[in-house]
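Paired with chain B in one complex and with chain C in the other, chain A is shared by the two complexes that follow.
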Partner chain A sequence: MVKREELKIEPGEAVGIVAAQSIGEPGTQMTMRTFHYAGVAEQVPTGLPRLIEIVDVRKEPKKPLMNIHLGPKLAKDEAKAKEVAEELEEVSLRKIAEIKESFAKKEIYIVVDLELMKYEGLEIGDVEKKVRNTGLGKVDVEGETKVVLKPKSASLKNIRRAASRLGDLHLKGTKNIGRAIVLKEGDEYYIRTGGSNLEEVLKLEGIDQGRVYTNNIREIERVLGIEAARNAIIFEVRQVLDMQKLDVDTRHIMLLADAMCTSGVIHSVGRHGLSGEKASILARAAFEETIKHLINAAVRGEEDKLVGVTENVIIGQPIPVGTGTVKLTMKRGKKK
Partner chain B sequence: MAKVMAKLRRKRRRSAVPRPEKCTVYLNGKLIGFHQNGGELAKQLREKRRSGALSQEANIAYFERTEECFISTDSGRARRPYVVVENGKSKFTKELSDKLKKKEIGWEWLIKNGVVEYLDAEEEENTLVAIKEKELTPDHTHLEIDPVSIVGAVVGQLPYPEYNSSPRITMACAMAKQSLGVYASNMNLRMDSRAHFLWYPQQPLVQTSPYRVLRMSERPAGVNMVVAITSYHGYNMGDGLVVNRNAIDRALMRSTFYKAYESEERRYPGGQKDRFETPDATVQGYREEQYYRHLGDDGVVVPESDVQAKDVLVGKTSPPRFLEEVSIFGITEEKKRENSVTVKSGEDGTVDAVLLSESPSGNKMVKVKVRAARVPELGDKFASRHGQKGVVGLLVNQEDLPFTKDGVVPDLILNPHAIPSRMTAGHLLEMLGGKAMSFYGEIGDATAFSGDTADRFRKILEAVGFTSDGKEILYDGITGEQIEAEIFIGVVYYQKLHHLVANKMHVRSRGPVQLLTHQPTEGRAREGGLRFGEMERDCLIGYGASMLLNERMLKESDKTSELVCGKCGGIAVHDHIKNRSYCPLCDETTNLAEIEMSYAFKLLLDEIKAIGIFPRLVLKDKA
Partner chain C sequence: MDGIYIEKRIEKLKFSLYSPEMIRKISGAKITVPDTYNEDGYPIDGGLVDQRMGVIDPGLKCKTCGGKIRSCPGHFAHIELVRPVIHPQFAKMIFLLLRATCLKCHRLLLSKKALEEYMSVLELEEEEEGAGKTGMGLGTERFAKSVKKSGTCSHCGAKQPDIKFEKPTTFYAGDKQLLASEVRDHLAAVPSGDLKQMGLDPEYARPEWMVLTALLVPPVTVRPSITLETGERSEDDLTHKLVDIMRINQRLEANINAGAPQLIIEDLWELLQYHVTTYFDNETAGIPPARHRSGRPLKTLSQRLKGKEGRFRYNLSGKRVNFSARTVISPDPMISINEVGVPKEIAEELTVPLRVTPWNIEECKKLVMRTEFPLANYVIRPDGRRKKVTEKSREELSTTLEPNCIVERQLTDGDIVLFNRQPSLHRISIMAHRAKIMPGRSFRLNLAVTPPYNADFDGDEMNLHVPQTEEAQVEAEMLMKVDGQIISPRHGHAIIKGQEDHVSGAYFMTKDGIYFARPEACKILAIAGIHELPDADGKGVKGEEKWSGKLLFSQLLPKGLNVEYKSKLGDRVKIKNGLLVSGAIESKGFETEIIEGIARHYGPEVAGKFIDNATRVSLYVITKHGFSVSLENYTLGEAAMKEIVTIQESAKRAVDGLVMQYKKRTLERLPGRTLRETLEERVMGVLSQARNDCGTAVETHLGMENTSILMAKIGARGSLLNAIQMGAMLGQQAVRSKRLVRGYRGRPLLHYKRGDLGAAARGFVSSSFSTGLDAREFFFHSMGGRESLVNTAIRTARSGYMQRRLINALQDLTVQKTGSVKDSRGVMVQYIYGGDGLDPMKASKKLLEEMLTSPERE
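Let's turn to the complex of A and B:
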């Protein structure tokens, strides 16, 4: 009990600054070390680039990936796992067919590779149907390998656009999942995918929904909510720092994640996020885009309550942190 | 050139079978014609040049791949000499060498007779150059005059550069330019704004041939020091140097620092001008009397007077900045303004020389040179010629330094960690060479690629009774005990670099502030403060040291007190004449409060007003 009380942070402690310094200092070391780190080309961004990715809350990580663990029935069976993996892999039209444009005849030809198509378990009819569903124009099948599309509007621009859209046409599998391979951990098989689609993967049968992992934090926020996203941020930052053997207390990272998530949606660290949305005008103006903040504040007739640290440093008052939190109240005698 | 070309062209016309002209010929970048055999053309032109029919300054380059022949005679090409090689034999023969030694022939003769020729970058492309005569094969076209010539004038002066890693060579070159020595043979007459002069400079014990050619021993910039490679109580960690204090007392690496001050009797529009004189006490801005004590009758310091900071070197009065109104009594006596030149803060010395002359604009001008001795002290920078720089970390009395069986005490102790990772083996070789040469009484040769070998030094050392590896048994100067390890000790040429503590040291407890921000000035020259930056601020916040932060950022910086209008929130003013405070915006006189703030904040408010926003300060009682 005593120990726990001792561990509590005291009121007035500048936890934010301490957290920032505690993550920032080893981060600087990390940059310097990676500069001198020769060797393996990294497949997934780690180190500082990944850390920046996380705090900037990019739409999608540079290399999104998922780990999908399988349910008890499939986990021990490599063949079954491979089946699931194959089902997952996205097959787009570009992958099995060549798309040619004929500007003279104002047609688009889709020549499928029979072998590839067969391997993916598709038929020319499926392709025809999918192409027709796009509603781009009239579709015909010529011979065994050729699908002809006559676009509705035959302007050159539209033909070009239709052709490039056809390339991305989704035929089979889960969208955004480029590759899926089966890996083994202990005596259990699991699937690692390149690309991430949490929403669809969670709907799959036979997998262990509770252990699905993706490194796409934005996706986690959208599908599972803000609390899951907060945990994801903590997990990802931890992972980056652990990989470099940097010992940073989890609570600093938790504070960072909390700061990013308290508003209910993820905010990036920086101009467009945390710093750009501080309550104080002076604090915002001191950070970046000074004039913009001052003018907007003037237009709205805002008032700065001077409760934060930066504001008080600017005007030259003791800051409301640490020893500055203590105020003396005194009963005065009768007014003179 | 055109004549020769025309001749060659005529020759071609007469040839029996006309062949397609495939090679384009350029003279100084301009297309001047075609030739059916560019290689042959180039060959013939070169022969003509070597025989003296063509100018020695012409260069011919032929590119087989593109079938182009470039003839260059224009100015601005970098050219360098090579010995001509024909059939694998150098044209510079033994006989010529002997003749040259006897001074029967000279450099000009060699060039005129096609023994040596200058090539430019383009012609160089057609050559195969041997670096040493031994390497010559029939394919070679030229021979380097000396292997050392593949490096430049600066690297050429470094001893044994081929034993050092290239980054260290680069650093050694950069540092050699910062070394103190005899910088010009007319230095006594010069008035450089800053100059250094090393006392008792020595020529290195181990020299190179470019060093001799450039006659650098006549303006040396260093001293041969006895160096031991070992540790000394941790005072030479991280490129620190431990230096023998007694050696410094014997004037090792002492130098003089000269600084020249300048002043001019400037003329102003309206016929007024400055005047060199000892200002009268009535002059505006008169300093205390003591500061003028060194001035002579002409208002200029007397040579050899010892001056301190703030002392006036040249007394000067200037006309006032603004013209005064003419009073009723006619022309008033003109008020003058003090405008003397003083010794800068933190500096002192002796007036070395005074120069009276005329400025480029034709005014009377004075230059005063002040000299001061610079004795090596903690923090001064030294470097050998191998990119091994260091800063003095400790001065030790001779009796506390280790000594050899002969009683030799090192001048300097270098940390062994400075060697392996930097791979400056040349430093060690120079130590060995310097040691050997100091006993042999000769100058060693450390020219790149051809210098004396370590074996030569080893033999000499053995002959005079040392071990051939340069290591010696040393005895601890403090305890007198023999040091367990044998210690490498030798003689290295060290340079004193012009980064001297005395010229950089800076402290401030109070001082000038800037006019605009009321914050302390910046930089040593302006007696400035040290910036308490954002990250330092963050640290105090992190500690929760609110009051300390407030003291740093406000009280020690730009604290001001401003009247704030409680009614409109603007800044109010106090009229000292009428002794009345009021708000210039709303004329409020009673509801005004004196608020403490940083001047920077007041300035911010003014600037916000300047962009058209009215910031109001809302006042509240302190809770």
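Let's turn to the complex of A and C:
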């Protein structure tokens, strides 16, 4: 019978390197293919591109997504679920109207599509109000379908800028949620959205807040905190690897996530994150931006205490890992 | 002599700037002549290869230390710059300093209140993070915010001009250009206390030192010149650059002394600045790089340090070694996984040092006297002199051998060596083997160690290293020995394992109804080194004793092993008390279950032995049994071909039907898709279903007697898809997971009508490899093939960089004595490694399950 004690990791083990290798090595076997999430987003990165996205912790993933499960009252009701989904979808001005610029008259015309507007349950008055609230200039309604904006500052550049801003004008729904469709899992309906807005979605009624999912790690950090972000990193990496049928022990992924999160905010893997924060000047210089690190170290009169791996490789001393951690010295004396 | 003792240990490195005084102090020579050698090829005194800087020519002596080529490390010299010059690398720093200080009274531009606030935050952070690590100071956003935007100085009330910085080295105060000398004078006047508040360490880095008045010249050993075959000398890029600097410096001096107009002096000054700038970094943005006569940009200081081929990554993080060898690898199933076959030619060159002691002196003497293979190549005398052992010197060296000599002995059987294949993506890319000297010119390795190295034998080369101290040898053996790496730390499963033919062989041996007669049985066991025949468990037609393959295979298993799992073929494989009771061994068993079971309960040596023996036996069995594939394997009978054609035709009809519906717009839209997407989705579905149907047809028509199908089923090699593509059809070709279009408008090739959405027009290949593809199909197949080649190329580059980043980010994390994980700064990353403190290499899921369900559970 094997004892649990025998399975323990040994002190000195370079678990960081092993974790990095265990996650990095299968990288060569991963596909670059993208995944198609029915309806909401095409070409969602999976495999290597997604893994790189996760360790980089981009501001926003290339294709943000959410899965929103519904509360017990709505989960079985497709029609109700569809209602929620529709409420969720963001309607921007561009979606229901055509925006034209007149440089001669220095005006911007917003011509709404009546049918679309009705479909979204909006009225020309709403549009007018929203446009006015932007404070871009004087707003008038002409006829049933036309809103005229006279921008405050009438320079060519400003008209252009105002027009493009108007296109993104938020009219209704949840910001950043592009599309929302209802899907079925088992006997339960849930909503998948393209685009993510965790903060707003969590405020919605009738959904199961505990099961809301987003693939935007930065957003999770912002809304739910660092521990949630750490779990999200583990979950996302796991998902990428599982999808490719690559077997990697969870402990490696946990170590990566923990390393990224220990400081309390997420650090990316690379020169702007973990590697750039290192204590050792030599280690930083050997990684990237060699000159910059040397120059800054000189100006600040920094010291390198030579406690890491790279530093000691560079100066040719045993590295403080594994058998190198043992600090036992023998006094040399003459034999008697 | 006492190489293995570490006499000194560097505790820390301190970075700082050199002051001009310091530069003059450490300088061994002042450079006065902008030239190198005179007509006789002799270094000019005061020139750029002055002998006081060390020597690179054999025979000459260093005038500073008296050392010769090897013994003199070289000494710095300096150039006195007539006018100060901005050090380009510090230009940004100087800019920030100029902006943060008052040009009149040279104090920090902070009001008292702002300063107090700022200092209190600084102190607080220093307490937490330690000095210099505060994220405060010059150049940080918070500092910029604290410093008042141009205005008046709170100390003297002077109005501050707007400071502008024009890359790389020009500064303006308002509209007036600031000369380097003015900048220097100003910086020199900034009080030290104010500098500290800006995050600078004035003791080690006074800002005026960022404006150069004396330029440090590296020793000649750093920039050796090379002599071409023609006898012509070719100087190093750095020397060229220094000559340029010297020339301009002298011209500037001459002009100043001659009282030349200010304009000319400033022009020359600027030129000097240019040369100094490119001397430090020849890729500075905004200025043209200095070029060699041939037009090639010069490699100056920055370029030497930077990047993959720079000093840091090429020479410091990675070092060249001796006692290594590299050659082509080839397979040898008869050696152990722990061994590596080393060609004799290589073994004669590689040596292991043997320290002579009073206790082994006799053997050592004999060794030196040897005239056949394991010879001694060198004897290193206690005074450090290295003597080659030759016919002539043998006798003398042997007799004069004394304790504390070192005998360098040729590599022999049983020596520990490190074996490596690049790319070294994980730690098991380097493992310790025992050398086995063999004839031939290639390294030999067992096929079972192929997976961790990711090696094959299509011309791969591998490297071999010989550890040179006992400490290193022992450490290599204990930590890196192959059998200790059978279980991969990545997932806790076996990575050193039998594969391909080993699996086929084991399957033939262990499937039901396989019996061997006495001679065969004896032979099989003898291969595994077993000399006891178990009691027979079967009878032949004539009543003679027969041994089942299962029984013989069981002899390889350790007694008491219990393994049970469901095999790939669907039956239960049961090993009870070291006896294979039921089921046939296939890849799952051979590759993981059994090996892991043994490694878990009996340790690495037993598992290693099992892999050695089982693979050898399997190969013997499959050799005797005979195993082959041929075109026959993929030729379907008439009936089968008919079935395939029917499948294809109905699929094509289905596709045409869908296209019709699409055109009539009667196709039912899938939720969240456009009509077109729906069509594509449905068509892809129909066609891949067709290929799957072909698979079933192929499977039923070829069956288990077909060796290819058999191999696919037991997981030895190949898949059903291979058989389908060779025998039935290739199926849909795709680029970016979509049916083919590209190139022409609305069609992939001119042979189709524009907008034809049918199966064939969008890359569906209905021919098989055995029938052959027509020209269009061949083209489609190439399109798909091209994509996958491109992807592989991109992927390797991208994943390589990702791994470099991962390793750099995590490399300092180690397990502490308490079981926690900390980085080199001592920051705790995990309280207990992995949440449970268990080693992923040892604690496999299966083992943990066993422990939980075990009756012996504590």
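Throughout what follows, the second predicted complex is superposed on the first by the 312 of 336 C-alpha atoms of A that agree within 3 Å, B and C clash if a C-alpha of one lies under 4 Å from a C-alpha of the other, contacts with A are read in each partner's own complex, and residues count from 1 in each chain.
The criterion applied here is as follows: a contact is a pair of C-beta atoms (placed from the backbone, for glycine too) under 8 Å apart; a residue touches a chain by one contact, two chains touch by 3 or more.
Only a predicted model underlies this, so the values are computations on that prediction, with no experimental measurement involved.
**Q** In the overlay, answer first, second, both or neither for which of chain B and chain C A:199 touches.
**A** After superposing on A, A:199 lies clear of both chain B and chain C.
**Q** For A:25 in the superposed arrangement: first (chain B), second (chain C), both or neither?
**A** After superposing on A, A:25 lies in contact with chain C but is clear of chain B.
**Q** In the superposed arrangement, does chain B or chain C reach more residues of chain A?
**A** Result: the larger residue contact count on chain A belongs to C.
**Q** Where does A:258 make contact in the superposed view: on chain B (first), on chain C (second), on both, or on neither?
**A** second
**Q** Quick one: is A:6 in contact with chain B, with chain C, with both, or with neither? Answer first, second, both or neither.
**A** second
**Q** Once the shared chain is lined up, is A:323 touching chain B (first), chain C (second), both, or neither of them?
**A** Both partners, chain B and chain C.
**Q** Looking at the overlay, what does A:291 touch: chain B (first), chain C (second), both, or neither?
**A** It touches chain B and chain C both.
**Q** Going by the contact rule set out at the top, does A:86 touch chain B (first), chain C (second), both, or neither?
**A** A:86: touches no partner chain.
**Q** Identify the residues of chain A that lie in both the chain B contact region and the chain C contact region.
**A** On chain A, the residues that contact chain B in one structure and chain C in the other are 12-14, 17-18, 20-21, 291, 294-295, 298, 303, 309, 313-318, 320-323, 325.
**Q** Which bits of chain C are touching chain A when the two form their complex?
**A** Going by the criterion above, the answer is residues 5-6, 9-17, 89-90, 93, 132-133, 137, 199-201, 203-205, 210, 281, 302, 305-307, 310, 312-313, 316-317, 319, 425-427, 475, 479, 489-493, 600-601, 670-673, 736-737, 791, 794-796, 798-800, 802-803, 805-817, 819, 821, 823-825, 827-830, 833-835, 837-840, 842-843, 847, 850-851, 854, 856.
**Q** Write out the stretch or stretches of chain B touching chain A in their complex.
**A** 537-539, 541-547, 549-550, 553-554, 559, 596-598, 600-601, 604, 608, 611, 613-614, 618, 623
**Q** For the complex, which residues does chain A have touching chain B?
**A** 12-14, 17-18, 20-21, 291, 294-295, 298, 303, 309, 313-325, 327
**Q** Which stretch or stretches of chain A touch chain C in the complex?
**A** Chain A residues touching chain C: 1-2, 4, 6-28, 30-34, 36, 38-40, 48-49, 51-52, 55, 179, 181-183, 247-252, 254-256, 258-259, 262-263, 269-270, 273-275, 278-283, 285-287, 290-291, 294-295, 297-310, 313-318, 320-323, 325, 332.
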